[in-house]
C-alpha cells in the first residue's frame, strides 16, 4: 500500500475496513466506554461518561456538515430535541416500545431534515447558518404551541415506564449502553463517510463549492443527504436522553447552547477529524464539569465557551488534531 | 401605521449589518450583541446617572463606534482573507462572550426604560411619542450616513473599498483603516438602533437574537450591502409585523419572520427592494 | 467531422450590459478551437454559459447530441465537459491527488473511489505533478496550480475541455511545456476550446479561431485568415502590440 497521500484525506482508502488500524481504535473506544463503568458498577462514572457519549454523538454528526462540507449548522440541536419529543410522545401517548419509538423518531427526523435541507441548502454560507438558527427557533415555537406535545409544559413519562427494561436501576444501564452504541455508530458513520466518494465530494464542497460543482460534484443533493444523515443519530441520542430523564420540555430540547457547545467541540478537536470530535467532546465535558462545580465560574460558562472558541479560531484554526498533524505528520496515517 | 415607525428603527439596525456586509463582505454575528449593548447602555445611563434618554444617543453612537473599531482589530482583522466560515465563528464567539457576560450580570429578566413623551393623535390613529421620535432620529442618522457616504472623501473611500478592495488598495486608499472604520460604524448603528428600541419596548439580555434575526430579514428584503434598501426593508418588516400581530399570538412572530427570511432569500436572492447601486 | 458542441444564438445580459449577444459556433470532434478577443469581449462568460455556471437569457447549447442549456455545472460535467478556470480554484486543503480524484470521481465515467485514484494519478503524472501528489493544493506555485486545474479536468476523462487562459502568468519554459501538454491531450482524442491572450501560442495551437468583440462574433476561420482579417486587426488597434503579434504569430 502506497502511503504517499498525506493530504487531508485518508491514505489507505482502498484497504478493507477490517485491515485499517483506525477501525480498531474506534472499536477499542466503544468497548472501553461500555466496560470501564460497568466494572464495579460505578454509577457516578457512568453518568459522566453518558454526557460524553451525547457530546461525542452531537459533535461527530455536526462534523459531517461543519467539518466536511464546511457549512455551519447553528441549530444542530433541533435533531436531538425533535428526536426526544417524537420518541417520548410515542412511548407515553401511543404506548410504543422504546426500540420502535427510537427508530421512528430517527427516521422521522431524518426525513424532516431532508425536507428542510432541500429547501435551505439552496442558501450558501452565512445565509444557511442563519436559516439553521431559524429552524431551531421555528421548531421550538411550534412545539411550545403544540398541544398534543404538552405545549410549553412539555411531556412526562410515568415511572412505570422502566418496568419493561427490568426496573429503573437496570434501565439506566441499558440506556447508557444504547447511548454508547449510538456514539459508536456516530464515529463509524463519520469514518465511513470520510473514506467514501460521498465524503470526498463533501470535502470538495467544503473547500470551494463552485469549483466542486464544475468538477461534477452534485452539491445540492450531497449537502441535503449530509444534512439528513447528520440528523439520524442525534435524534436517537435525544430519544434515549429524554427517555432517561422521563421528561421533555421545549427549552431543554432545543437549547441552542448545546448546539454552540457542539461547535466549540468540533473546533477544539479539529474540524473534519473524527478523533478530534471525540477527544474535543471528552475534553470539553471535563472542562465543563469543572466549571460547573467551581462556584466562581458556573455563571460564566457561555463566556468561557465564547473565549475558548475565539482563541481557537484566531490562533489554532486546525484545533487539537490540526496542531498534532502539524507537529507529527505521521499521525495522519493512523488517526482520522 | 405604527409599523412604519417601528420598522424604520429595524431599518437602522439592518443598515449597520448591511454596511459591514457590503464593505467588507463579512457577516457580523456580533450584531445582536451590539443591539443589546445599546439597550443596556441606555438603561445604565438613564438609571445610573439620570441622563435624559435621548442625550444618551450621541454617547452610544461614539461608544459603539470605538467598541466596533476595537472588535475589528480583535476578532475580524486576522480573519480577512480566510474562509468565511472562520469569520462567522469568530464573530459568533464574541457574541457568546457578550451575551454570557450580560446574563451573568443582569440575568435574563425583563428591563424597561421609562420615557415620558406625549403621543400624537391623527384622525383615529394615536402614535406614541417614543415611536415618532425614534423614527425621526432614525431618519436623521440615516441622512447623515448618506451624506457621509456620498459627500465626503472618507465616504467615497468606503464605497471604493466596497466596490473593489484590491483596486482601492492600488490607488492608495488605506483599506485596513476603512474596514475598521466601517465595522465601527456598523456597530454604532446597531447600538443606536438598540437604544431606540429600548425607548419603545421592554428588553432582556437575550433580545439581541430576535432583533438580529429581524436585521437579517430586513437585509434579505432590502438587498445585501444596500443601506437605502435596508430602510425600505425595515419599514416593510414593520408593516408585516403589525399586520401579523392582528391574527396570531406574538410568539409566532419570530417563526413568521424566519419563514419570510428563507422564502425571500430563495426567491429573491438579490433582495426584493434591491436598487441598483451607483 | 461532426459537431461535438453546438452553440446557437446565445445571449446573456448582466443588468443593462449585454455580455454575449447572438453568438453561434460549433466545436468539432478532436478539434482545437481558439476563442480570442480584447479584454472584456465576453470570452469567460461564454465558458460560463457553456458549462452551466450561468443560464443564457436566450439561445441553446447542445453537447454530444444533448441539449444542456441551463443545466447545472455538475450535470454538464457528467456529460464529459471539463474546464479550467482563469483564476485558479484549487480545493486548497486537499492534496493534489485528492483534487484530481474529485475530478475523476465525478467526471464522465463516474468512477468508484478506487478506480478514480488511478485515473487521478495518471492525470497528475501526465501534467507533470508526479512529485507533488501529496502536497496540499494551496502550497503549489502559480504554475503548479494552473497544471492542477488541467490535471483535475483531465482526470474526468472529458470529451471536450474548456481551457481558460492556462498560459497566463507562466514563464516561457513553462509555456512551452504546457503547449506540449495541450497538444498531446488532443492526440488522446479530446476536443479543446481554448481562451488565450498569448497570440503566438494560440495561433500555433488552434485549428480554427473564433474572434469575439463586445460579446459578438467578429470573425471565424483558420489562424492565417484571422491574422489577415481587417475587422479583427481594427478591433485590436487599441493595442497595436497585440495587432503585431497577431500578425506575426500566424506564420509558424
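Letters are used for the chains, namely A, B and C, taken in the order the chains are written, and counting of residues starts over at 1 for each.
Assume a contact is a pair of C-beta atoms (placed from the backbone, for glycine too) under 8 Å apart; a residue touches a chain by one contact, two chains touch by 3 or more.
Just so you know, these numbers come straight off a predicted model, no measurement behind them.
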item	value
Centrality ranking, top chain (CA atoms only)	A
Farthest-lying chain, centroid of Cα atoms versus that of chain A	C
Interchain centroid distance [CA atoms averaged], chain A/chain B, Å	33
Where chain A and chain C are represented by their mean Cα positions, the distance between them in whole Å	43
Per-residue multi-chain contacts in chain C, two or more chains	none
Touch list for chain B against partner chain A, complex	27, 75, 78-79, 82-86, 88-90, 92-101, 103-104, 209, 213, 216, 220, 249, 251-252, 254-255, 258-259, 261-262, 265-266
Partner chain C, residues of chain A touching it in the complex	4-9, 13-14, 196-197, 200-201, 203-204, 207-208, 210-220
Touching residues (chain side chain C, partner chain A) in the complex	51, 53, 72-75, 77-78, 82-83, 85, 89-98, 101-103, 105-107, 112-114, 116-117, 133-136, 152, 156
Footprint of chain B on chain A - complex, ascending	66, 70, 72, 74, 119-120, 122-123, 125-127, 129-131, 133-135, 137-138, 141-142, 144-145, 260, 263, 267, 299-310, 313-314, 317
